[in-house]
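There are structures below to look over.
Look at the two complexes coming up: subunit A is in both, with subunit B in one and subunit C in the other.
Let's look at the complex of A and B:
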C-alpha cells in the first residue's frame, strides 16, 4: 500500500546498468525537478533491489513498491501519474518484476520435517531476553498449574508417569530422583541444573540455555516445589558467555515478574536461583565434583553412596538434573505424563536432542523421538556425508562413548540400545567421520582429552590413561609391535574396571570400540607401518604413485619448501631430503596419488 | 501474580503483535546464538540496522533470537511479512542481506536463491494467529 512517497531508492549495481544503460539517478533528479518535488523526496542509492532482468529498478519508500525502468522516454509523465494516483502505474514503461522460483516449504525439507520438537520448540522463534514472548508461548503456565492445582506428590507422580530419564547421559529416572530427594527430611534442600557441557562436539545445552532460558528456569522451579527446595543453582561453563548472559537476564526478568523470589504467584512458595560459572574442568560435569566446585573446593568426584539426593551440596539433599531434563518438565506438566510416554520407546520416552557435527552436510541440532535409528539421523536429517567422501564411522557420547560403523546404522538410539555395540547415547553428541579420519588417531585424541581432564584422584585414571596414551602414540609413530594390541586392550579393561568415577570408567571406550571395529586399521599401523587414511604423518612414505598421477602439478605448487619438482606432462618428483612432511601435497592432490 | 495477570501479559503481547501486523510491520528474526555470531551474524544484523537507518523506514522490526538449529547454514534470518509465510534464509553475509532487505523485506519478493525454506517448524505458532 502506498500512502505517500518520502524517498525513492534506486539500484546502482552494475548488473542493472549492463542490462539497460540508463542513468537512473539523473533521470530521477530531472523528473523530480520538473515535477517540483526536489528536496521533498530524497534519493537513496542502494545495492541490487530485485532480480533485474529488464532494467534498473527503483523503489518507492515507505511501502517498498519496486518498478523496473524500461525506457527513458516519458519517464517524467509516468512518475507524475504515479504521484497523482498513488496507484500502480499502468504505463508499460514500468513493470513489476516477475515471480521467482518456488521456495520449498519447511515440511518438505528432511532436516526440519523429520524432527519432533519438545525441548527446542522455541528455537530461533522467541527473543530469549523478552519474558513476555515466552509467556505468550504458554510459558510459566505449567508453573502456575503446578503451584495452584497440584501437590508435590502429583508433580512427582506425573514426572514418574512420563518415564523421563536424565538427559545428561546416565539415564537415571528423573521421577525417582525427585522422589528420593523429597523423602529426606533435612533442610535446606537444593536444586542444581548441570550446564557444564564439556564433551567435544556437544552443544545442545548451550543452545537451549541461549535460546530458551526460561524453559530451564521453569523446570527448576517446578522441581524445587516437588522436592521442597527453596534454592537452585545453575552451573554453567564459563566458556558459554552468551548462555550466561541470557540466563542472567532471564533470572532478572523472572524475579521482576514474581516467578522467582518470595511468595511465587501468591502461593507462599519461595524459590530463587543463582548462577555458578564453572572454571572449565571437564570432570566438574560429574554431579559430586560439580557440587564440590560450587562449595569452593577442588572439583573431584567422591564415592557414592550416599547419593546426592541424600547428601549433596553442603551435605544436604540435592536434586541435580541436566539442562535438557529441566527443559522437558514444563511440557510434561502441561500435556501430561501419558502424552510424553507415547513418544519414543517403552524404556526411553520422549525425544532427545543431538548435536550433529563432523562430516555431515547439515550440521546442527536435531531433536528426534527416542529410538530413531542412526541412518535417519545421519543420512536423512544430516543430509549424508559432505563432499565426495564415504561414511566411515560415527562417534557417539563424546570421550565416554564409542565409534560405530555402517553396520550399526540400523540401530535405534536409546539409552540402552547401543551398549551391546560398545557405544552409548551419552549426552547426545554425534560426530560423523568420513574416510579421511584415522581411527587410531581418533582414539588418541579422545584419550589425550581424558588425560588432560582427569582430576588425578585415582591411579587408574591418572596414570593408566597416560600409559595407554603412550601405547597409542607408539603405534602412531610407527614403533608399534604386534603385542601392543593385546596390551592396549588389557590396559583399557583395567582402567574401565578400576577407575573411581564415570570419567575414568568410560575413558577407554573410544579405544575399545575402535579396536573392535577397526582392528585392520591398527594392524596396518603396526604390521605394515602404514596409515590407510593418511593422517599419521610418521607412517606416510610420501611417494608419488606414477600410475595415479595425472601430471597436474598441483602438489608442486602447494609445496612450501619446493620439495616437489614437476614439468608439464610428466609425473611429479618428490625429493625426500627437502620434504618437511607437512601433508600439503596430500591435501592438494585430487587423485590420491601421494601416499 | 495471578492467572489473570499471567494471561494479561500474554494478551497484551498478542495484542501488540496484532496491531503491528495491521500497521504492516515486517519482523526480521536474526538468529544470533553462538553459532550464528561465530558465522558472522553480527554483520548481518548491523547490515540490516544500517539499511533501516539509512532509509529511515519505520515498519521493519529487528529481533534477536537464538539458534534455529541448522548451524551449518548460519548466519540465518527469518523474515515475517504480514499475511505471508515466514521465509528462512541461510549462509548470508552483509551484501546478500542487503539484497534480501530490498527485494523481500521492503519489496515483498522473497529472494529464492538464498532461501532455505518457508514456514515454521511443527509446534511453533505465530502468536498472532493462534
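Let's look at the complex of A and C:
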C-alpha cells in the first residue's frame, strides 16, 4: 500500500507560509516518524504547487492527490487515515471551490484542467534540486537530440517553424533572433537569459526558475549551439534569492553530469553558464540596459543601431531571451515545431504563463494555449470574483499594460489581439479588479512605479512621468480641475511617442486605458470630488448611515483617534474633525454602514 | 553614397550618416541639446525627432538613426512641433530661471531653443530640484541645479578625454551628474566639459561674473602653449582677454583643448610682461615708442654686421611665437642679415631628433600630419611623455582608439598617459631606453622578423610584447610613428630607429615642446616648401621676402593662416615648415 506512495511534495513557498504559518516539513517528519514511514517516503520541497488559494498543501506522488494542511492537530490523523485506506481517502481533500465536490486528483480541478502545461509541466512533480528527476522526465533529451542529430541550422529551422515568440513581452520571433545572432561572425558570442522579472505582481519566471531550473539551462545550451556561443549568462533579480539558489544548484549538478562545461555529451561542444544577480532596478530588464549592468556599467538603454544580435554584451553578438522563452525550447525540439504550432493561434503559437492575481478566487499561475479568451481565464480557471463581488476591470501586462472592461472579456489573449483595445499581454501579469479598486488609484500606482524605476536618461520619461504623476495625485487629493483630463492625455501621448525605451513608451498605458474606459471615475474625482470605490481617502465622505447602523460599537472600538463616540443602543456618531481617514471603521463595520 | 529627401530637399550623404547629418548637409535646422559632434550620439533629449513620410505617426530621433536611401523625412509637421515644444516645457519645468545671473546667457542652447520655439507658458508647473553646487573645485564651477542631464559632460570626459571623472548618480528624477562620492574635481581640468555644456551648469571660474558674452569680441587664433597648436578663440572685452574656448569650426564641430590653453591665459596679464618696447639707455631699460625702438635696433644690428660680420649675430627666440612670427623672424635674420645661428630656448631633445632625421632621411623628407595620425591603424610612440608634452594628444589618441582594430604601441621607461591607453605597452628598464632603441634598430635592420630575446631581455622588455610589435610592423597596416624626446638624454637612438621605420611607414612625427620650436608640418599652401639645411633649427622662409626688406613688424600677418575649413584640426607646428635649418643663402 504505502509502496504506491513514494514521495510527499510539500509547498514551501512564501505565499503559503504567509497565509498560514505552519511548518509543514516538520509536521510531516513528525507524522511519518510516528507512523514509522520515515525513510521510506521521500519529502520533496517544492515551490508553487500552484494551489495558492487554498493555503499550504501537500501532494502525494505519484498520483498527484493534493491535501490541504488545515491545522497541526489533525495532521497526523489525516495522514494516518490516508495511509490506512488509499482507496477511499477522506477529507480534507482538495475540493472544487465552486461545487464543493470532492475530486480525486489535481488534474480534475477546473483550475488545472483547463491549463495546458508546457513551461510548467514539471512544477511540483520533481525535486528542483535533483537533476536525476529532471532527466527522468525527459530532461536533457532535447539537448542530446540537438547535439547528436541536428545542425545549428536545423535547430534554428525548428524554432522558426514553431513560431515561438519572445515571452518577455515584446513578442519578437525567437527563431529570427537566433538566426540573426548566428549570422554575425564576431567571437565570442553570448546567450543571455533575462530573469529580471520586474513587473509588480508577476511571478511566472520566478516559478520556472525555482521549480524547473534545468528547463531554462537546457534551452540556453540549445540556443548556444544554434548561434555558435560558448558562454551563457542568467541575469536574475536580486529579489529572488531562492531562484538564485536553485539555479546555482542546477548549474552545479549539470556540470557534474556533463551537460555544461567542455565537451558536452562527448560531442565536442563547449558551453558554460554564469549567474548575475541584479541590483534592484526595473530598467535593467530592458535588454541593452541589462547588458550594461552585466558589464558593470550604469543600466541605461543605449541607442540602436546596432541591435544586440550584432553587437550586444561586450560589443559581441548576443542573443537575449526571457526565462519562459527558453523553457519552451526543449519541448519544441523534442516534439517538433509543428506540434508547438498546433497549439495557440496562427500568430501566437504555443502556450503562455499568466500570473492571475487580484480579486479572483483562484490566484496563481495559469498556463493556457494562446488565444484563450479572458473570460475563460478569469471565470473558469480563476473561479470568478471572490466574495461574489462584481467584476470591474482586468489589468494586463503590468506597468506597461492597460485596463480592460467586461466588454473585452471575449477577446482572446495573444500578442496582437489586445492592442486595438488599448492593452497588451505583456509578460503575462493579469490583475483582476472589483468594485473595491479605484481606477484612478490604479493608474497612479503604476505611474508611481515607473517614476521610481525610470533610469533618467530621456526627458519625457524622467520629467514627463513625474509631471503626469503630479497631475494624478492632484486629482486624487481632490484638487483636480476639468482641464486636467486633457492635460493627462497630452502628457501621456507625448511620453509614449518620444521616450527612448520600452519603459517610457509603455508607462502611460495604464493612464491612457483608464482614461478611455473609466472616464466617469475620473470625472467623479474631479467634478464631484468623490471616489466611487472608496479608495482615495481624501475623497471619501465619511458618514454613518443611521438606518444601517446596528449599534454594535465596533467602529468606535477600532478607531485609533476616538473620533467615533457610541452609546449602547444608539447610532454611532462620527466626529469629522478628529477623523484621520484611516478607514479602519469602514473595514470593521460588518453592516457597511459607513461610506 | 545614398540620397534622401529632407523637407523635400534632396541631399546625398555617405552611407552610415545619420539623418541629422543629412539634414545639416541640406541646411535644414533640427534642434538638439544632448548632441556634440566630438562624441557619440546619445538620444536623451528627444528634441531632434523627425518623421518619415513612409512611416507616418512615428517620431524618429534623427541624431542616431541612420539615414537610408530614398527616405522622405519631414521636420516641421504639427506633431513634431508639438513634441519639441512639450519637451522644452518639460525641461524648463525642472530648470531654474536664473538667466540674469547665469554666465551662459547669450550663448545658452536652452535659451536659444526656448526663444526659437516661443515657449511662453509652463503648463506643467515648476518642479525644481535643489541639486548641489560645487564651488570648491579649482577652475570649474558646477551648478547642478541648472543641469539638464544631457550627458554631454559625462560622455566627453569618458569617451574623449578618457578620464571618466563625471558620471550619473542615482536614477530617474533623482539623477544628478557628480564625481564618485561627490568630492571636488580631481581631473585633468581640460575644461572640455565646460566647452560642451549647453547650459550654465558647468562654468569657467576665470570668466565667471566678469562680463556678459555679448560684450565680447572673438578672435580665432592658435594656442601657443605647445607644439600642437590647437585652434582657440580668444574672447576679448575692449582688448582685454576674458576667456579662451576651443574654436568652433565652420562645420559646427568644436575642437579640443587642454588645461594650459583653456585656463592658462592669466599669465598673459601678468604685470611682469613687457607691453611696450624698451631701449637700454644709461644703464636702465626705458620705454620707447615703436618707431624709435625699431629704428634703434635696425641701426645697431646693421652696425654690428658691418663691423664684425653676420656670424657674430645670434638669435634666440621665445617659445610661443606663432609660425608666421617665427618665419618673419627668420626672414629678417637669415635672409636680410645673413645670420646663421638661430634657435629657441627649449626643446633640445626635439632639435636633436630633427637633426638626426634630417641627416638620415635627407632633405626631402616630410613629417607626418594630423591626417596621418588620424588614419593610422597602428600608432607607435617611441619614448614616454608624449601626451604630457602635448596634452591634447590624449583626447586625440582616445578618439582614435575607439575605432575598430586600432593598435597603440608605446615604448617607454615610465608609465605615462599614453601607456595607460596602449594596446601594447613595452616598459623598458629606466635608463636603458636609448640602448633598447639601438638594439631594436639593429635587430630590425639586420633581420626583419626576429630579435634575439637574450639581448632584449636585459632591457626588461616583455618578449611576448616585443614579438607582437615585430609582427605588427610586418603586417600591412597604416602605421604612424611618434617620437617623444627625452629632455635629459641624447635622443640619438630613437631618432635613428624612427628614421629606419620611415622606410616602412613614411609617417614620422617628432613631438616637441613649444611653439617656436621648429615643427615639421605641411601647413597651409602659403607656407614655404622644403629647403636644404644644415644641422639646426629655426624658421626660414623659402621664398625671398616678397615685400622687400621687410623688417617691420607691421608687415607680418597678425592672424594665422587657416587651413582648409572642415579639414578638422590642422596640425600647426610652432614655426612653419621652414623649420629646416638655414643653409646657404639663396
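Just so it is clear, the second predicted complex is superposed on the first by the 473 of 595 C-alpha atoms of A that agree within 3 Å, B and C clash if a C-alpha of one lies under 4 Å from a C-alpha of the other, contacts with A are read in each partner's own complex, and residues count from 1 in each chain.
We adopt the following convention: a residue touches a chain if its C-beta (ideal position, glycine included) is under 8 Å from a C-beta of that chain, and two chains touch if they have at least 3 such contacts.
From a predicted model like this one, the values you see are computed outputs, not experimental measurements.
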First (subunit B), second (subunit C), both or neither touched by A:490: second
Contacts of A:41 with subunit B and subunit C, given as first, second, both or neither: neither
First, second, both or neither for A:260, with subunit B first and subunit C second: neither
Touching partner for A:433 - first (subunit B), second (subunit C), both, neither: neither
Partner touching more residues of subunit A, whether subunit B or subunit C: B
Subunit B versus subunit C as contact partner of A:217, first or second or both or neither: neither
Contacts of A:498 with subunit B and subunit C, given as first, second, both or neither: second
First (subunit B), second (subunit C), both or neither touched by A:333: neither
Shared subunit A surface residues [contacts with subunit B and with subunit C]: none
Subunit B-facing residues of subunit A, complex: 1, 6-7, 9, 44, 46-51, 59, 61-66, 97, 99-109, 111-112, 115-118, 120-129, 132-133, 135-137, 140-141, 144, 148, 203, 206-207, 210-212, 240, 242-243, 246, 257-259, 265-266, 361-366
Residues of subunit B touching subunit A in the complex: 1-3, 6, 9-10, 12-14, 24, 29, 31, 33-35, 37, 51, 54-59, 63-73, 76, 78, 85, 87-88, 95, 98-99, 102-103, 105-112, 115-125, 127
For the subunit C and subunit A complex, residues of the former touching the latter: 41-46, 49, 58-59, 61, 64, 66, 79, 82-83, 86-87, 90-91, 93-94, 123-125, 127, 149, 151, 167-168, 170-175
Subunit C contact footprint on subunit A (complex, rising order): 281, 283, 298, 300, 303, 305, 451-460, 462-464, 466-467, 470, 487, 490-491, 494, 497-500
